[in-house]
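In what follows, subunit A forms one complex with subunit B and a second complex with subunit C.
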Partner chain A sequence: MLTAADDAALVRATARRQARSRYVAHAVLTLGVLVFAFPIWLTLVGSSHDANTIGRGDVPLWFGAQAITNYISAWTTGGSAVRTTGQVPAWLMLWNSLNMAVMIALGKIAISLLSAYAVVFFSFPGRMVAFWLIFITLMLPVEVRIIPTFEVMVNLGLINTMSGLVVPLIASATATLLFRQFFLTIPDEYVEAAKIDGAGPLRFFKDVVMPLSVTNIAALFVILFIYGWNQYLWPLLIVSDKDLETVVVGMSKMIGTSDSQNEWNIIMATAVLAMLPPVAVVVFMQRWFVKGLTETEK
Partner chain B sequence: MRKKVIFKGIALPWLLLLPQLVITGVFFFWPAGQAIYGSFLREDAFGLSREFVGLENFRDVLADPNYLAAGWNTVVFSSSVAIGALGVALFLAVQADKAIRGADAYKTMLIWPYAVAPAVAAVLWLFMFHPQIGLFGKALNGIGIRWDYKVNGDQAMLLVIMAAAWKQVSYNFIFFLAGLQSIPRAVLEAAAIDGARPVRRFWTIIFPLLAPTSFFLLVVNIVYAFFDTFGTIHALTQGGPGQATSTLIYKVYVDGVQNLNFGASAAQSVILMAIVVALTAVQFRFVERKVHY
Partner chain C sequence: MATLTLSAVRKQFGSTQVLHGIDLDVADGEMIVVVGASGCGKSTLLRIVAGLETPSSGIVRIDGRDVTALEPADRDIAMVFQNYALYPHMSVFENMAYGLKIRGQAMPEIKRRVAEAAEMLEIGPLLDRKPRQLSGGQRQRVAMGRAVVREPKLFLFDEPLSNLDAKLRVQMRAEIRRLQKRLGVTSLFVTHDQVEAMTLGDRLVVMHAGRAAQVASPMEVWGRPADTYVAGFIGSPAMNFLQATLAGGGTAATLKAGPTIAFADGARPGADGTPLTIGIRPEHVTVSPDGLPLTVDLVEPLGSETVIHGRLPGNEVLVARLPIAASDIGAVLPLTLPASAFHVFDAAGVRMGG
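Presenting the complex of A and B:
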């Protein structure tokens, strides 16, 4: 039989063991966070030094004095180094990326809302065909139809245009599936009540479905903004005009084949600018982001 | 599944579907059809005429040692990225789940690499492992290891794997942590009272309960490594040195866009489509199972 004293000792031992395991966990996690942040740290630090320090290979671990000069140079001129592609100022590339990302996100949300609404709240001949046509696009990423898609773009005169960057990317099976899933949870009574009140389908969409969808739309917007901002292959294919260069592609084009020509500090500053907006969106809208991520992938 | 109460009408729903269907028709189905059609044709040397050659393009592509090498690269690359990103994420998620207080703070600090574009991630890793200007690249050379990913194919492969996996860990971490937090505490406490040590608890309770999440993540990670890492490879190694880091996606781009090899590129597109169909089928079969779990 355990006495009260034994009992207390056992409880204390368990608490000690748990505390120890928690300390280990905190230590491991802190290390993990540091390891994951290190590439960013190095880039941030690098963007505050002059080109020669970095070019020599004297990689500093603490900030230098050139930060403001470097960022101004990246922002206004895109650096002055000799490059095959010529420079594009970062402000222009960021502006293009912002336009592209916002239009892709809003476009995808708009057309997916409409098609999910049609598929869920109507019964019409060809409903399932339409649904499957949208679903199958999941299996046709740009990467597997590069050349013929490029030919279509040339025929439609969409090469080197902002619409060319955006429109082909706004079809979205994932978003349609998500909204369909959500619409199916809207109780039938709502539709009945709307019908009794004499509200038509468009009125019901505007006054009932849209307000109910706000959180889903916000969550999806975060995910789709990041998706749009981080596009690489598509802009690389259809944009050669410097005025339409997006920041992710433009930044990687700044790295020339010959190392001596690379103005590393400016490249690093541009890399920081290129990742700042999507990272800020994830960090500040974390709740929406996690919701969007876990729901689109279900 | 469908609703019992619905609106009437035929024109309106088709009108609502129209924008989506027009875009998928023009930019998805038409080009995909062209790719399939083109995979049976061959262009003459001047690009003036195309003739039907049956399955010859497929035979040529599948007999091409460069294509097979790219296929092998894809297998090595995708499995390393998936296993690396899943392993690290699971390990960190288990720790975060233990450190009950602060789990959310760690989550915030670990999820942001998700937002970094693959090509930007590649450049961040280039800064670290560049043989002359990179902190680690220079250090490796300093201690006598000949590190130059621009010359050594294995090192190039290792670098693209690390850059691609680094970014994917955050995604896996979110799902693993959610999975771990949904395991009832009572089950774990019961096992602890029965005398099961932490390691045993992990393998006999936590791991089996996480299996559906892990399998789902495995598919997602493979899809990511296949299709979303074009930017990583293009910005970091351009498929080189030689063909060392050229994956199937990278090769279809090079053959189609740079070498303008019409038939071969179309045949490769069709092979890739088959791979995506298979991956999607696996993914959705699994999702159905998860619903009933």
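Presenting the complex of A and C:
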């Protein structure tokens, strides 16, 4: 038999156990946050000192006084160091990156929505062949086909153009697959009801499929925007014109290999600026698609 | 306001024949219920009328016009689906208005028609809601509303009551019937539920394995089933089938259970000794002191009546629905099988005379 005293002891033990697991969870969480946040902290701090402080090899852990000067300099001129492509102001690089990322994301979504729609809702000869051809391209990373793609772009005269930068990155097997999987969950009855209502294929796409896909589109936009924003190899190859420099490539070019001193403060300020658009997209769109996900109804 | 005519409609999926030539004439304003077990082809038949499937051969006419090769949208029909198929992102109003909008109706006319249908179906206060904010019964009404606003020539119902709970189903059944009578729109209603079929239909089409086993009024189907399949399908509990042979020069049947009973409604053709099946509904069996002994093996009290399962001599299974209090298992009840309630079927299961 358990006495009241035993019960009290059990209650205390449970409370202790719960407290302990709470502390452990928080400790692990804090550690994780520190590991992830520390480099960003260093970048933020670094962008607020003058070039010499970092150049000396001292890594400060607290903010300096140069923040405003550094950011203005990075934004308007890209710093004073001589670089392979000359000085490109951060605003131009950010603008180029934004253009490229938005076009890649929207292009990928448009193409894959339409191709998934065709594969799921229409039956035509060669449908499965088309689907598997799209599927197979998943196995080829961009790097494998980069030389032939480059050659095609050269022949088309698209070197050093925004189209050359964006178009080869638009075809997307992943997004097509995701939309296909989603479309397969749309009940046949909607299609049939639409047929009886008299909605043609494009009307059905616009009035039913698109509105139902909004949350998927939002989720994919976030992923694809960041994918586009982070492109490095392809822009490096296709663009040599400094007016089309993207921020990810441009930043790496700011780190010189010559004897001249790197302007680490400007580089770090640019890095901070380069982080902002993806963060903004995630923060803004996340609210939207989490809302969509929790209200899902089919 | 229209008629519907099916002539020799067949459908094959690959090598599987689903419909073996269906002929049907539906009069203007008539409510036809297509009933059958799952897999009998009833949904395929409805989808062919809707234009969602093309028949392998045969002709579908609506109001005399051959629509076999027309798109669903061009047939002037409206359909209510089993899961309602309401577009989840549109409000009730938009759902009901969608078909009209596509047909290019003017907004005031759309509003008028939707308001009218909403009033009729008592869903007026729900017009701004999304389908997910509605209960099952309300969704059902909206689905009907969507069909009604179109003012079509033909209503098609694809088991629209299957997703409702039992009480609501009875209520909606009555409402559908009332609405259909009031609007007078020719309707085709598919169901697997014989009670729905009996209560809703002006006429029934009992489907069996891709054929229309019987097309007749509910009481005709119940009172004079065309074959043993229809006889067993309609009625609850199901009709009893007893083995027998023809006797007395075609005027009587000798039951395997023992007695020879004279037919109440004339002679059947055939030599004495021809095997027969005698059907008798459980509710027509009566208790009488000098009847056949039934050994009771299961008792189902229903309150006012009791369903008793048991065996007659010759190991023949019989179910009786009797207005008596529950009997004991193992007890022996004397039962009479009145000849006036006999349904006589030949060895192939087809009704013979009477």
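The rule is short, and it goes like this: the second predicted complex is superposed on the first by the 279 of 298 C-alpha atoms of A that agree within 3 Å, B and C clash if a C-alpha of one lies under 4 Å from a C-alpha of the other, contacts with A are read in each partner's own complex, and residues count from 1 in each chain.
Methods note: a contact is a pair of C-beta atoms (placed from the backbone, for glycine too) under 8 Å apart; a residue touches a chain by one contact, two chains touch by 3 or more.
Computed from a predicted structure; not experimentally measured.
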item: Side-by-side fit of subunit B and subunit C on subunit A, or clash; value: fit
item: First, second, both or neither for A:R20, with subunit B first and subunit C second; value: neither
item: Which of subunit B and subunit C A:E192 touches, first, second, both or neither; value: both
item: Touching partner for A:M139 - first (subunit B), second (subunit C), both, neither; value: first
item: Subunit B versus subunit C as contact partner of A:K206, first or second or both or neither; value: neither
item: Subunit A residues touched by each partner, larger count belonging to subunit B or subunit C; value: B
item: Which of subunit B and subunit C A:R287 touches, first, second, both or neither; value: neither
item: Partner chain in contact with A:S252 - subunit B first, subunit C second, else both or neither; value: first
item: Distance of closest approach, subunit C and subunit B, by C-alpha atoms in Å; value: 7
item: Overlapping contact positions on subunit A, where the subunit C interface meets the subunit B interface; value: 192, 195, 297-298
item: Subunit A contact footprint on subunit C (complex, rising order); value: 50-52, 71-73, 77-79, 81-85, 87-89, 98-99, 102-103, 130-132
item: Residues of subunit A touching subunit B in the complex; value: 21-22, 24-26, 28-29, 32-33, 36-40, 42-43, 46, 54-57, 59, 61, 110-112, 114-115, 117-127, 130, 133-134, 137-141, 143-152, 156, 167-168, 170-172, 176, 184, 188, 191-192, 195, 200-202, 204, 226, 229-230, 232-233, 236-237, 248-249, 251-252, 255, 259, 264, 267-268, 271, 274-275, 278-279, 281-283, 286, 289-290, 293-294, 297-298
item: Residue ranges of subunit A touching subunit C (in the complex, touch as defined); value: 187, 189-190, 192-193, 195-199, 203, 207-208, 211-212, 297-298
item: Residues of subunit B touching subunit A in the complex; value: 1-10, 12-14, 16-17, 19-21, 23-24, 26-32, 34-35, 38, 88, 91-92, 95-96, 98-100, 102, 106-128, 130, 132-135, 138, 166, 169-171, 174-175, 178, 198, 216, 220, 227, 230-231, 234-235, 249, 252-253, 256-257, 262, 265-266, 269, 272-273, 276-277, 280, 287
